[in-house]
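Each of the two complexes below includes chain A, the first together with chain B, the second together with chain C.
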Partner chain A sequence: MLTAHPGLPEFDYIKPTTLPEASQFLAEHAGEARPFLGGTDTFVRLRDGAWKDKYLVDVKHLDGMQTLAFDPAAGLTVGAAVNMNRVIAAPEVQAHYPLLAEAAHTVASYQLRTRATLVGNACNASPAGDTVGAGLVLNAELLIFGVDGGRRAPLATFFRGPGKTTLRPGDIVTAIHYPLPPAGHAGRYLKLGRNALGDLAIVGVTALGYRDPAAPSGYRFRLALASVAPMPLRPVQAEALLSDQPLSEAGLQAAAEAAAAAATPIDDVRGGAEYRRLMVRNLTRQALRDVWQRLG
Partner chain B sequence: MAMHRITFTLNGARERVEVPSNQTLLQLLRERLALTGTKNGCTAGECGACTVLWNGEPVNSCLVLAVECDGTEVVTVEGLAHDRQLDPVQTALLEAGGVQCGFCTPGVLLSARALLDRNPRPSDYEIRDALTGNLCRCTGYLRIIEAVKAAARAAEPA
Partner chain C sequence: MLKTKPAADGHTPVGDSVPRLDAHDKVTGAAQFADDIQFGPGLLQARILRSPHAHALIKRLDVSRALALPGVKAIVTGEQTPGYIGLYLQDRHIFCRDRVRYIGDPVAGVAAVDEATAEQAVDLIEVEYEPLPAVFDPVEGTRPDAPLLHPDLGQYEAVNFIFPKPGSNISNHFKIRRGDVAGAWAQCAAVVEREYRVPHIQHVPIEPHVAVAKWDDKDKITLWASSQSPFAQRNLIAKALHLSQSQIQVIAPYVGGGFGAKAGVSMEALAVVIAGAVKGRPVKLRLTREEEFFTTFVRQGLVARFKVGCDQDGRLQALENTYYWDAGAYTEYGVNMTRAGGYSGTGPYDVPNVKVDSICVYTNHPVGGPMRGFGMPELHSGLEQAMDDLAHAVGVDPVEFRRRNCIRGGDIVATGMTMHPTGLPECIEKAAAAINWGHKSSPSAPNKRRGKGMAIMWKAPAMPPNAGSSARVQLNEDGTVMVSLGGQEIGQGTFTVMAQMAAAALGVPYDWVKVAGPIDTDSSPYEWQTVASRLTWSMGNAVSAAARDARRQILEMVAKAWKESPDDLDIVDGQVISYKSEEACSLKDLVIYGLPNPDGDGWIGGPVLGRGSFMPTYVTGLDPETGQGPRAVVHYTTGAQAVEIEVDLDTGKVEVLRAVAAFDVGKAINPDMVRAQMEGGLVQGISTAFFESLQLKNGRVLNPSFVDYRIATAADAPPQLEAIIVEVPQDDGPWGARGIGEHSMVPTIPAIANALYDAVGIRLEAPPFTAEKVYLAMRAAGVVQ
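Take a look at the complex of A and B:
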């Protein structure tokens, strides 16, 4: 919602010096304090009056938060505070995780991506999060520091509903980790917005494919859908069709239909439910074609 | 509400101010430091009229807290010209007729400056992409895009 009034409601800005201190503060003030990174979701929700936190805890400077590290054996770890422009421009990301760069590049605008983060995108738990699908098909994990110490949480089981995650009071996500993608993989993110660049997704389809001699079709695909269900979604039946039967144009069409059937979209100002379902089918087919063609 | 003493570099000069927790960089610039070149269009990250350079990178100043600017460097449109010489993107925008009401202009200039700093010879697509976050209700964008191309050409060695 746009408002003519520039002011944010009152809150205290807190800048702890260590992770344990930050975590303890957040746990002690459960329900009235929240961590923030770029604030691009947080400030907008505060301004709208949807959120009423008394404390905003800045966690960008804490240990490891600004690190982007690639290890050829382990994969890519992106610190929570690394902004999306940095992710997109990183040579390691362009070489090994082009799908992640492609998805992040569809988020809003360059100046917004100076603030927006991958971890903020995940923690916000919007079904429209553009980088979440790449995280799902790449089997990403979140690194979390909590009152009981550190743990890792697969992105696949992180979401509980719109805006809801498995995070508990005192939890701080410190990084998102992407294991090494399958060798020779190809990926695609197709986003339908009201205009070519910069809008939130009406529908978003992420596809990743790779050759696998053990699969009956010789290929495996992973798919993720954005903005068409209360949570980001993996249409597993569609994925199974693609690995179980020889790949063909008709097979891609059947998988696209299965993806559309898995979607449970709503009507809103950006698009009707039926339109969204049809667009899931069309974008899934298009994304699969692109990926299949590149796998050769 | 908590107050914070911050020091930052603004258009090359050092600023020391005390700011409340909830003050945005946009408010600090316009309402406290009287630098009204930076515009307030939407206060929601949508329009780009509030774009400034923050440690060299364009950012929506309506989505940055003033307190977060402690120890950082901010450049606003007032800081683009040097030694009474307009920045080449300013000259190019004037010459191309890429300014009508001027409300989007400061943000456009800073986005364009940052684009040319990171990519001195951008393609048409790269220019459009870099200016996605700067909405203009007057010009229809074509003259703005022409201006950015002209500024890039002007910077090339003859």
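Take a look at the complex of A and C:
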């Protein structure tokens, strides 16, 4: 950072015509090539010198990358190159996945969201990723094309650490798939940033709830926490509390405390660990209240 | 004071919210900024090697590997810059020689065919440092055993109103001793003692610094720069390089935001020195956004200790304030901020017994420099909280307390000067009324709390006593007017205001007037600097004088031709008219070619060219031990702000629901632009209150980018914002006008702090009042769990 670079380093821009061709190129140039979608993080890291790739492989135009499709039986599939503004505006998303639209809406600014993508947000593997929590509580899967062909991988086990995923050389995530959400569900994403627009999350809390007669409380909740652990986090103890005992204000408070206990935040320039833990508690409580109220 | 007859339609260009001269070009993108200027294929690019140490000796410097890199044209180091540079205190070399004093201090400069090559060369320069103990706190920096940053302080040249203490880290100590402070405490019914801190912040102009320099074979230098101070840059660079001022030409197009960061000299001198090594070729140096945060000027940090006391009626009796300025590695400009903080150190209050110490301390932090408000936002930040606390302590409403104690015309201020007429009491009344002071409104939700706060301020233009302005007004064949001046359009609208004044003083419609740009020290009239909110007043006087001079020439010519007295003539709407003979003649028929001689052959008159200049002549020195003197400053602009906020008990987030600004500007030449300054300053004040801070750790800025240095956006601005203009005229201001550019962000932090106290009963040691700090303070106070 001392000698901030004035411009981008040199790299070659590769535009393959097929997925196998792209995958093969990436595999052959492991460690020096990466797939390129919106570039909102890629260009910054290249300029900072944090990434030193020689090749950017543009995959935006390849098969299925620009597709946003909803199947009433299977769910929503969003191509890797579909930008967030398109996701937010899509009637299928607004009707069936309002939580996803709400989360995407908190990412950066409108201008950047014309480039930013859901798949990019996931592959970036930042614990602060605003749309990752929605993916986790919606049980999303990634569609990956690799040297051995296509495969599906649950988002829940995709992350290995900050900036680290299970992707292998030659892998290209082509889409993210969201199964049908539970009938009658309600969701909420609460993001705490420093100023009103365009900030990274100091803490982000995603909550999804639905009625389930099989659960002792009659409800099930799923929670995901951003920016309070090395990876996006599901506080499962908190979720269990909410399904196992009758719902009450005290129960929400207990679940919020459990979520805070599950968090392992750090001190950094954006916020301190103590505050982050307290905010996990307060925002989780708020998100749960909102969801519970909407479930009725 | 000037009076202008209105035009036929009843309008005079002064006092009307005419559209800005530069609006069209800026909106369409046609306006040219320094980085837009094309220099062709000969242009070289420069990059700077900067110190990675906060404090170290340079033991060895080897540029040979870097010089061997293809594409590298020259490398310069401190060897080429033996001279010192600085505005008020010459305490820095353009490139470091034996010692580096902050992380970012320039050690070497490379000129190469492109930025990437220059950057590569920078990495190849070998430097061996011997790290030294450093100073990161201004109070510790004053201790006798503190590491000494400038052992040569005693040899530095300084202006005669700055008092360095050789052998210490104190480069200026301003004192006020008035009355009997020690004896006064016993008379006080309430005394409040507080310590507040203000962090370093940065100006964050939209346009980062950029400079292009060219040095020809006869040592004539041209510098194109994004600059608030073309003339000061010419002067200071010439002195440092032992050149004559006339050898340097500074050309400064529109500036995309300055806020003080582009005043004086910072990186421009680097570009000039590098260009000297590649004569004949222009060299461009532009800072990255990251460099912008720590390698030019930053706003100084402050540790401030307040002790204020009042009698049982809430009348101030004594004040004892000590300001320790964290002024950074070089204080060539900052020393005068600490002087301003000293002579204005009481804030806008009438206090009989005063002791102020304003101490400028070298630290191994980025270089402190001028920033909008020049020390005033920093010292008012804590002072106005201490006054609020004192009001509460003695049981007087904070607005009433300010009403009773604020400075008024005729009061003797702490330096001994008699205060000129001021509208501060009116500002207080109007701001209090507009915020509905005394009425608490209901929060928008059960987990929210509301509060209101007020703060008042004063600020004088801080400058040498004899900072001057000059202007030319020339008329064209079509009767239109070209105004030449040396003050810079940095977004504040000065060109528009100058055109309004020229139009009004001459008697032509506003849209007949243009302002010559870019500012060019070879052809523009002299102007000290575009700083201190001084242009409307100082340059306005020069422009008005030049326009009046042109008017006089025209009227004398026409009087001769019409055989009338100039006293019976006037210029209205671009026509010369006679109230006596009722003759009329358009300016275009006479301002270039003159008029036929009525007594026979020949002509009278000729091209009309008015000149004007202005320099205050009445500012006096102050006693170095007591700070007393007849006239410390030219004048004070005063004002008040009030806010209503809502605090979220779940997160600690604070929202400003309503904000009111009321300032006495003497006369609003362009009311809409005055209001825009009040609104913009308030939003910048809000930004500094909630978000802005350079997070420094061992001299390193941890957040030098927009990712982690957050500033307010439109979405953070209050939904309701009211700007109130108060006009108590200034005796020597054009039409009575004073400046408003900086003042509008001075009282914002304490107004918000006072509202926070009103809402939830907490006081924080230092801005920014982040949600985290507010929440944790509420938790510590038992307001939340």
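Going forward, the second predicted complex is superposed on the first by the 290 of 296 C-alpha atoms of A that agree within 3 Å, B and C clash if a C-alpha of one lies under 4 Å from a C-alpha of the other, contacts with A are read in each partner's own complex, and residues count from 1 in each chain.
By definition in this document, a residue touches a chain if its C-beta (ideal position, glycine included) is under 8 Å from a C-beta of that chain, and two chains touch if they have at least 3 such contacts.
Source: prediction; values computed, not measured.
K.L.:
Report for A:A134: first if it touches chain B alone, second if chain C alone, otherwise both or neither.
P.N.:
Neither partner.
K.L.:
Should A:G198 be classified as contacting the first partner (chain B), the second (chain C), both, or neither?
P.N.:
Both partners.
K.L.:
Looking at the overlay, does A:D58 come into contact with chain B only (first), chain C only (second), both, or neither?
P.N.:
After superposing on A, A:D58 lies in contact with chain B but is clear of chain C.
K.L.:
Touch test for A:T40: chain B only (first), chain C only (second), both, or neither?
P.N.:
first
K.L.:
Taking the superposition on A as described, I'd like to know which of chain B and chain C A:P9 touches: first, second, both or neither.
P.N.:
So A:P9 meets both chain B and chain C here.
K.L.:
Should A:L208 be classified as contacting the first partner (chain B), the second (chain C), both, or neither?
P.N.:
neither
K.L.:
Output check: A:A108 vs chain B and chain C. Expected answer is one of first, second, both, neither. What do you get?
P.N.:
Once the two structures are laid over each other on A, A:A108 reaches chain B alone.
K.L.:
Kindly classify A:M84 by the partners it touches after superposition: chain B alone (first), chain C alone (second), both, or neither?
P.N.:
neither
K.L.:
Just which bits of chain A does chain B share with chain C as contact spots?
P.N.:
Overlap of chain B and chain C footprints on chain A: residues 1-7, 9-10, 197-198.
K.L.:
Can you list the residues on chain C that touch chain A in the complex?
P.N.:
47, 49-50, 52, 103-104, 115-116, 119, 122-123, 286, 288-291, 650-651, 653, 690-691, 695, 702-705, 707-708, 710-713, 715-716, 770-772, 775-776, 779
K.L.:
Write out the stretch or stretches of chain B touching chain A in their complex.
P.N.:
1-2, 4, 20-24, 26-27, 40, 42-46, 48, 51, 54, 57-60, 62-65, 67-68, 111, 114-115, 128-130, 132-134
K.L.:
Provide the residue numbers of chain A that touch chain B in the complex, in ascending order.
P.N.:
1-13, 38-40, 43-44, 47, 56, 58, 85, 108-112, 114-115, 197-198
K.L.:
In the complex formed with chain C, which residues of chain A make contact?
P.N.:
Within the complex, chain A touches chain C at residues 1-7, 9-10, 192, 194-200, 202, 269-272, 274-275, 278-279, 282-283, 285-286.
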